[in-house]
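The first chain written gets the first letter, and so on, giving A, B, C and D; residue counts start at 1 in each chain.
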Amino acid sequence: MNHHKYALTPPMGWNSWDCYGATVTEDEVKGNADYMAENLKMYGWEYVVVDIQWSEPGAVSSAYRPFVPLDMDEHSRLIPATNRFPSAANGKGFKPLTDYIHSLGLKFGIHIMRGIPRQAVHQNTSILHSKATAREIAKPNSICPWNTDMYGIDSSKDGAQAYYDSLFELYAEWEVDFVKVDDIADSRLYGTHTEEIQMIRKAIDKCGRPMVLSLSPGPAPLEHASLLEENANMWRMTDDFWDHWELLYNMFERCYKWSKNSGPGHWPDADMLPLGHIGIRSVDGGASDRFTRFTKDEQRTMMTLWSIFRSPLMFGGELRDNDEWTLSLLTNEEVLHVHQHSYGARQVFRDDDKVVWSSKDDDGNTFVAIFNLNDTEENVTVNLEQLGYTSNVNVRNLWERVDLDLGSTHHNLSFTLAPHASVFLKLY
Amino acid sequence: MNHHKYALTPPMGWNSWDCYGATVTEDEVKGNADYMAENLKMYGWEYVVVDIQWSEPGAVSSAYRPFVPLDMDEHSRLIPATNRFPSAANGKGFKPLTDYIHSLGLKFGIHIMRGIPRQAVHQNTSILHSKATAREIAKPNSICPWNTDMYGIDSSKDGAQAYYDSLFELYAEWEVDFVKVDDIADSRLYGTHTEEIQMIRKAIDKCGRPMVLSLSPGPAPLEHASLLEENANMWRMTDDFWDHWELLYNMFERCYKWSKNSGPGHWPDADMLPLGHIGIRSVDGGASDRFTRFTKDEQRTMMTLWSIFRSPLMFGGELRDNDEWTLSLLTNEEVLHVHQHSYGARQVFRDDDKVVWSSKDDDGNTFVAIFNLNDTEENVTVNLEQLGYTSNVNVRNLWERVDLDLGSTHHNLSFTLAPHASVFLKLY
Amino acid sequence: MNHHKYALTPPMGWNSWDCYGATVTEDEVKGNADYMAENLKMYGWEYVVVDIQWSEPGAVSSAYRPFVPLDMDEHSRLIPATNRFPSAANGKGFKPLTDYIHSLGLKFGIHIMRGIPRQAVHQNTSILHSKATAREIAKPNSICPWNTDMYGIDSSKDGAQAYYDSLFELYAEWEVDFVKVDDIADSRLYGTHTEEIQMIRKAIDKCGRPMVLSLSPGPAPLEHASLLEENANMWRMTDDFWDHWELLYNMFERCYKWSKNSGPGHWPDADMLPLGHIGIRSVDGGASDRFTRFTKDEQRTMMTLWSIFRSPLMFGGELRDNDEWTLSLLTNEEVLHVHQHSYGARQVFRDDDKVVWSSKDDDGNTFVAIFNLNDTEENVTVNLEQLGYTSNVNVRNLWERVDLDLGSTHHNLSFTLAPHASVFLKLY
Amino acid sequence: MNHHKYALTPPMGWNSWDCYGATVTEDEVKGNADYMAENLKMYGWEYVVVDIQWSEPGAVSSAYRPFVPLDMDEHSRLIPATNRFPSAANGKGFKPLTDYIHSLGLKFGIHIMRGIPRQAVHQNTSILHSKATAREIAKPNSICPWNTDMYGIDSSKDGAQAYYDSLFELYAEWEVDFVKVDDIADSRLYGTHTEEIQMIRKAIDKCGRPMVLSLSPGPAPLEHASLLEENANMWRMTDDFWDHWELLYNMFERCYKWSKNSGPGHWPDADMLPLGHIGIRSVDGGASDRFTRFTKDEQRTMMTLWSIFRSPLMFGGELRDNDEWTLSLLTNEEVLHVHQHSYGARQVFRDDDKVVWSSKDDDGNTFVAIFNLNDTEENVTVNLEQLGYTSNVNVRNLWERVDLDLGSTHHNLSFTLAPHASVFLKLY
């Protein structure tokens, strides 16, 4: 499991989906990368990821156009649409864009759908390093129910592994650092495509470049926790996450259920952060162009849960439109320390939608996140004994960066929290 | 529900699937039609049906070749492969073959898959009498899991009904009498395609020709009994039926469950009769070229159940290879009288796999079928009271065409039956 | 199937559940019977049914008290609680009450739960005409999930049939005319209890009294249509029906699905009519003491659907509190003629929640029910051809008892209907 | 999660079920304990567990007698049947037996069903330290489908926690060390009873005695991995395990799926070891009195899998009837070292039913288990690189206690294995 060396801490980056749907352009990618290099890189943010359908010249939103032609090379491999990614002209693929991202000290990621283009199958095009043709390796009934681009690959066929190998050979030529594979972790029609996950693992191992492997969409089933950990670096615990309280509310249960299966190189993923300016060319998530619908309390609650649980952090908004508040959510070193360096995260209790999580770090600090998931103001109290402390401790509020004087509450941490609000503490 | 006038008695005919899979040729169809005209027509047999993939020039067995090109006209409609159906050359379609069948005093039927060819969708070809194109009416995720020919039609789209109308306009031009639509009654992936059933009903009603509509595959769910009856003439109660005792055994339960939903113009269908010489170019049903694996007792048991239940009778073997026994199963007027003219079929009882069915006719006769479904010889007794008789009656064995002397069994019909055997009686 | 002679037309009556939950008393039963005899009997209403838990002395509402003792005889049979049914004292059971009901020219019905009392099983009491004891015939895991009174009966055990026989022997002594058996048609935990249905059928056939058999709760699955028809006189298509529009809305689909399985002696049942004064001692249905929450349009829509579909009509309110409007719903001979004497009911079409049903009678009349299920006023038009008429016909509004002058709408019946409203017509 | 300190290594012991079903007696328990003290204690075996229905005086096999009376104290708590456990007379419960077991230097465990006796509920008996009665805390529909002893407890009711507290107060008085709770981890009818698991956790934490908590039956769902780990010490991955190859074959997949959720204090459990003389008074597992039906190869394969996976080891046979071979399976210190002291167990690969597992210990040793799950002899090869070694290593066969000379196979471990056989190696 050498791939567990690739993402020793949960990845942090930007992804184009929440703001640009299936339509992001090279200029927009570069613009967000520039912003990241200038404002976020020093805090650990590093991945710049182009999401779905970069081969579709006519993509106009997050709604896919069924059955339309995609840009493809002579070996049945999708390539960037040059009207959207001009530097990809003349067969250069994403290499020029990767070079640019790398020049900023950042890393580059792409999205792919599992499988081979349906257009390749119906045209019966060739496969690199194989005598098999597209028609021969496609699995006839293996479709994605929400996108018409691909057929799945039949692992029992000659040429099947060769096709995945040829894809990652190309991505390695492009010097891609991160691949998000879609329609694979919970494929709606067919559950988890375990065989294609294993073919992709082998293809990455063969290609010689240590790409981080991210699997979508969720909810990936816990039933496959071992397989996911042994083949991928991150996998979605949830269907697409958007700026609805209900989705955030449900994430607490998801994190609880997956909390024992997270660790260096393998991270259950709570999905992108729909923060800041999103929906610019997307109609997904029940809304269009907007600033996040989450309240400030909800935004901190989300960042707190993602951080103590150690989900990957992938910002979904147009970074260049960040306001000061949004930027502050991404640049709090004390919070990000928990995200990058804590371990042993667990839900201490959940009673009446009052939830407490804790974790530790190697310096002996304990981190405590206290959440009020109710729609009413509530007092939430956690006994220090439940956290492993028998006497008074020092307590620091991580978001506010201030030490707290707990006064007479010798044995308890007790907070009155607004609806959906939280506090994030360090005990030391 | 004018279509209930089309098949007032359960249809009887021949179908190419059990012997020729997806590969039947014009000569073979004509040869079987000739045989039917000469040997069976006088007993009520009339339909000659070409089963699946008559547009596939390279079909070699019952195993479909995925993603291969099909013969298609300029309006996205599949047409006969002329290498297999030479008379279809020059755009004549099935009209010459229909003419031939009609000249014999018989009727002609074809099989279609619901939907529009995938090749039409990926080539985005045109639709007759509509501005819509193939891509625009296909339902993206509506595939058949066992055959790659088609995409389903999205009934909400302009051009959807027009496409089905154009199909049946063509079949009316060909003077087709019977259409078996597949991947629709129980589509495996998606259950029953109720909207496409309704579009097809409308298309037939519009086309002006009274074609019998048969829906496959089964088991059609009882949940949709009303919809099936109101839109079709027959629908499958079962997945493909083959010459395995287990499948025949299970048919008793299926017939029981559907017995209240059978009547003039609407017939739950127990599927083709895998009798005589079958599997000639088919590998379906767990075997290849053979005479039916059913024992003689099982063959009569099958014919008896199909007849008293009034399932359509579609012979599956190569008629020209019938032996005398096989022919005798198809030409017993006393048995076929029950099939064509009885009503009120019901399972009288089922105890320990001893099963009794009865029905009546307008002449006051009662028909009784007594089955031993056990693997051992058993005595099966039915009390005359259970059949509505209080005194002695005359009893005739229909298969043997002899009157029985019941002797002292004044109140009971009692038979010792070999494993899987049956008797079929008339009480008068 | 002699039992099909018991309820040749769909039963009409009163049931205590909607107004009195599990608590009805003898006086209340008699009071409603008196009202029925005086006001409704001449219209065909005849059954007076005591619903659930007449053996529970302490019943206080529709919420059952778990595990409480029930009144039981020495043979493990539940008997009426004499504090609620004083005439049952001295072991007389329901016989005195039945006598009273019969003296009014009406019929008497009771509710039972399938199975044997848990208290009998844990006390291991005896069974009449059998050496088996209660413990020996109970099916260990066969409970009802919403009521703790009974264990199911294991049909494979000696004494099982004897116990059901002993029950119906007792009910025959009481001269009961109608038995509603609960937890049997769709038992929530275990689906349909087909074996207990068959034991009950045999027990009724043996007892020598032609009791109507009604099965609850629903939705009974269409999968068991044959079995239900062959063993019962009516069975619920639905879970408990209450005065919520959503439940009434859904009944249209249920009636459509069951419309082919209705006929003399066997009636799919849309459940009681929650009309008039209901919820008097019931907290079921999301409300308590009230007049029905259905609007007048909805009440007529319900009565129209129940009548043309020919569901049994069981009034649920306290009859003595009926106002003039409510009484008018039960005493329209023209509407009740359709309920008692029409046949061939079918949904003619359903488009955009505009629904049309039709049926016929032996005098050549056609009945048409036109419904607007939308929440907005809508125009609903039905073409006379869809109803089998090619020229003008006479049209009568059944609820208003007036003939309509359709004027220039020669070929259509067209009505503007308020939300949830309907018209009920006779064409002649 | 203090309970993770109770079973830092996977428990080892003996359980009465496989040999004595529901019928074990005090003498038999003592006899097996004596054997363990003399022959196994020095190898780490320590728990002596009395399995199900020690309150049933008339238990005769593994088949439960439905609805029979159980021995119970005045507080609705089951107590040992004194005809089977004479030392329990005079209200002493299991204390005298525990004392005896403890005197041998061993630990004592009991089995319980979740919930409260049905007989308590129907008699409405009292609950210690609570005003609630049995009837008031029982959850009406919460039964076990395979045993009629109990109703589940409704955690929302006053007295619910008190009842579980009263149970563990009693078990603490008896000085019980281990409690196996049944009908709770995968309850067949209702899935996992998470609320009762949490009540039991609280009751143990309150009782002041560090009892190991074991949950049955399986398969516990991975969906609840977090909850199980946070509340129990071991939980079943499987339904009852018996001496059938198919069950052992399937355990490989179960172990793979749970391999990430095993660690100090929390052990996924592959169930008892059906070795030696089993089925003495049991008819479960498809056979009766016998020596294990597993071949010797299968026995070692089982012990190897249980050891490297670190499942609890609970011997199921009558220990006193062990032969030398059987004893040898329990007393190999080199194998047991892996069971007690390794970590990081993972399935290295599984191809064509050739399976390799590995783990490590703190001394730098690597353990490798190589299995042939095929029904034919097979060669199984594992590359040293797959195990993290790049050069030659020393290899020791743990079962045979011999060092191997791998000769020229510098880079591979390669073995020809009989059907169902395995080798268990140490690399150092």
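By definition in this document, contacts are C-beta pairs under 8 Å (C-beta built on N, C-alpha and C of every residue); 3 or more make two chains touch, one makes a residue touch a chain.
All values derive from a computational prediction rather than experimental measurement.
Can you list every chain that touches subunit A and also touches subunit D?
none
Please work out the Cα centroid separation of subunit A and subunit C, and write it as a whole number of Å.
Computed from C-alpha means, the inter-chain centre distance equals 55 Å.
As a quick test, compute the distance in whole Å between the mean CA positions of subunit A and subunit B.
52
When you check subunit A against every other chain, which residues touch at least two of them?
Touching at least two other chains: none.
Who touches whom among the chains?
Here the touching pairs of chains are A-B, A-D, B-C, C-D.
Which of the residues in subunit C come into contact with subunit D in the complex?
Against subunit D, subunit C makes touches at 66-68, 118-119, 121-122, 124, 135, 138, 140-141, 143-148, 189.
Within their complex, state which residues of subunit A touch subunit D.
Residues 1, 221-226, 229-230, 256-261, 346-347.
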